[in-house]
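One structure below.
When the chains are written out, they are named A, B, C and D in that same order, and each has its own residue count from 1.
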Amino acid sequence: MPLTELKNAVLEANLATVQHGLVIATFGNASGIDRGAGRVVIKPSGVPYDQMTAEAMVVTDLNGQVLDNRLRASSDLGTHLALYRAFPEIGSVIHTHSTFATIMAQAMVPIPPFGTTHADYFRGEIPVTRPLTPDETGADYVEATGAVIVETFRGRDPLDVPAVLVAGHGPFVWGRTPEEATLNALILEEVARMAWHAMMLRPALQPIATHLLDRHFLRKHGADATYGQPS
Amino acid sequence: MPLTELKNAVLEANLATVQHGLVIATFGNASGIDRGAGRVVIKPSGVPYDQMTAEAMVVTDLNGQVLDNRLRASSDLGTHLALYRAFPEIGSVIHTHSTFATIMAQAMVPIPPFGTTHADYFRGEIPVTRPLTPDETGADYVEATGAVIVETFRGRDPLDVPAVLVAGHGPFVWGRTPEEATLNALILEEVARMAWHAMMLRPALQPIATHLLDRHFLRKHGADATYGQPS
Amino acid sequence: MPLTELKNAVLEANLATVQHGLVIATFGNASGIDRGAGRVVIKPSGVPYDQMTAEAMVVTDLNGQVLDNRLRASSDLGTHLALYRAFPEIGSVIHTHSTFATIMAQAMVPIPPFGTTHADYFRGEIPVTRPLTPDETGADYVEATGAVIVETFRGRDPLDVPAVLVAGHGPFVWGRTPEEATLNALILEEVARMAWHAMMLRPALQPIATHLLDRHFLRKHGADATYGQPS
Amino acid sequence: MPLTELKNAVLEANLATVQHGLVIATFGNASGIDRGAGRVVIKPSGVPYDQMTAEAMVVTDLNGQVLDNRLRASSDLGTHLALYRAFPEIGSVIHTHSTFATIMAQAMVPIPPFGTTHADYFRGEIPVTRPLTPDETGADYVEATGAVIVETFRGRDPLDVPAVLVAGHGPFVWGRTPEEATLNALILEEVARMAWHAMMLRPALQPIATHLLDRHFLRKHGADATYGQPS
């Protein structure tokens, strides 16, 4: 994939988070990776969204070495890199402070699969990380945030549940492509909103049955997917 | 009715669900039926709303036989067909995952008629289906969803309460025309939003009196309707 | 005042309720009165807002005699007229089903003055009417709605608290002019939204002190008002 | 700084509160100060936002003496001046009735730092003032509002937590520049919204750890800030 194409896709993912109301101010950041070339493209730090261009995207390698150093990379770069190194299946990471996903992250309440909207995109509960220790909040804070996410997903397929709530912080979301990660970020916010309201009305509400969860997830994902047009 | 006209009306109904904020991503689907010709027109599966045209609408018969097979029909086609076969009074079906109607479906709490906004369009409580069994969530899942809706309405006039909440899933709404079904989908979301908030503030709140419910419903529906301009 | 001017002002008030998100579909209606000429101008019934013109406004006298009969008047005309007859100080009435004001009307919970946003426009609690009896919900239902509002304001100055919540229905709001009634409808929705959330967080919350309530109300209303530019 | 530049910046801050949905009607007011020239620029009272120009901004000295008297200054001028006199570090003050910040002010519940969205801009709990006494609600009400804010911040750095909730009223926010105060007003509303929802779901929720709070605040503020592009 040409670098220009990846830069454009990452720019679009960043702009889409604003268009979908998932970020305010300069919060949030999206990245993408070209696994073959070993290049990561990420939003620059603190640049207003309405002045952002594909050229402004920062290029690094998987260790965070900046290959194109006009602008400083997003301050969350280290978290993105930790996820790319640990989850070889993923091609894009998005971080937002979207309202309801962040509320659940602040309350440290995982999002149970209460309905098929959730099941269409996430095959089970969206987990919350443990809080970071004082040591983890030091110089390597951003990398430690990545490590605690990876710890949370030990033994799980990150594409089954492509999102996590970092305790006291907010959501990180991923996908095979920037387009898929963008969609997952949008759906996460909606299922967080719905879960918050459903839990408030019925505090003892149970998740949907596994047969319904799987039926919906597998309709949209995997070898037997029947949703959408044949490709 | 010419097929072109029905396709346009179904397209408009699909686009209206987006304009009214009732669907995100490619969720949701609207259909219409020409009873005389035995033709059903429905949204194609997984096509972005901003690229949708009247020509992209898929035409089938009442058994789901596709009569125009360029695009795959909405994955919920089987539910729409079950409703058309069981409810001869209806001419259009709309399925959304609109936020508050879906919250109530997830919480499995029916929507009581708490006010005249509800009574203007729905003559009584909007019911929730029972959850589907593992068997019903198999190969014929979509048809079974239709069957459980029909079961919920046994002995009831589907035009008195033109909406249902499928447990753990979301709302299906209908009407005599695509325009009417669109309006019912919009009002359903608003009455679900209001009911959620009213129940949270006053958990023991009772529905409005039957005399007020009927007064409002019959002002807009039936032979003695006085709302709007004489036709 | 020329009738054309009143028609324009009433049209603007109707359109403003849509622009402010206070009505959906064809819900809601605004009217104005020329006291000198004894003419009331009101929205026609069931006409889509995006097709509404000043010419479409319906003109009646204070008894509801239509003086310009091209279109049928709003089905709530009788309530507006009852208010104009009982409250000689008012020049405009607006009825909406705005979300939070309607939630409070459905829950039959009056809106206490919890803050200065409320106090700037309403000098005290916004009351809820009693529910209408079966008899009052008959042929003269719309007039009875007006009568129960007037009953609720017995002994009160309708310009001190220019709004009411009709139990199980929604808000009616008024003012000296269509512009003022529009503003009151907008503020009412906001104070209802705030009050719902404040009550949920602190169920035993008390209203602000009378000295603060009066300080704010009188800053914007009455002979000693200091808000805005000198006229 | 030329006065024209300050007027433009204050106009922009006022308009931004509308664009960000922080004010309705003619609520809200933003001001800025040129410390060298001893001149304060503030919104005029009661002028519709869509008719507001830089020239309409009112110029006063630090005692409220109007130096350009075409229009009456915002009725909250006295509060702004009290803050400028007490907090020499600040260059701009913004007052809004933004929904969730006002709800918390009405409920008299301080906003704890539940997450990093809060910590990025506010180094600790956003406090609520005590209610004003009847005496303080007299002729010098506006100045007394300023005094009670200053009292609340005794012994605290106003740039560590650049916002306060005035009990039963709403938020006042500040910053070194109108741009910074605008951003603080926007973030305040978002953290108030999140805190309200997090508290409703988990009433006993505790603030984030001090090490996380400081880590985020100092990433964006102070000598060792690493967020954004090098200036």
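Keep this in mind: contacts are C-beta pairs under 8 Å (C-beta built on N, C-alpha and C of every residue); 3 or more make two chains touch, one makes a residue touch a chain.
Every value quoted in this text rests on a predicted model; they were computed, and no experiment measured them.
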Comparing which residue numbers chain C and chain D contribute to their contact, where sharing over half means same and under half means different, the two sides are different
When the C-alpha atoms of chain A and chain C are each averaged to a single point, how far apart are the two points in Å?
46
Distance between chain A and chain B based on Cα centroids, please, to the nearest Å.
33
Touching two or more other chains - residue numbers and ranges from chain D
200
Which chains touch which?
A-B, A-D, B-C, C-D
Which residues of chain B touch chain C once you look at their complex with the stated criterion?
114-117, 120, 183, 186-187, 190, 193-195, 197-198, 200-202, 205, 208-209, 211-212, 215, 219, 226-230
Per the touch rule above, chain D residues touching chain C in the complex are 24-27, 44-47, 71-72, 75, 97, 99-100, 102-109, 131-132, 134, 137-138, 141, 168-170, 196, 199-200
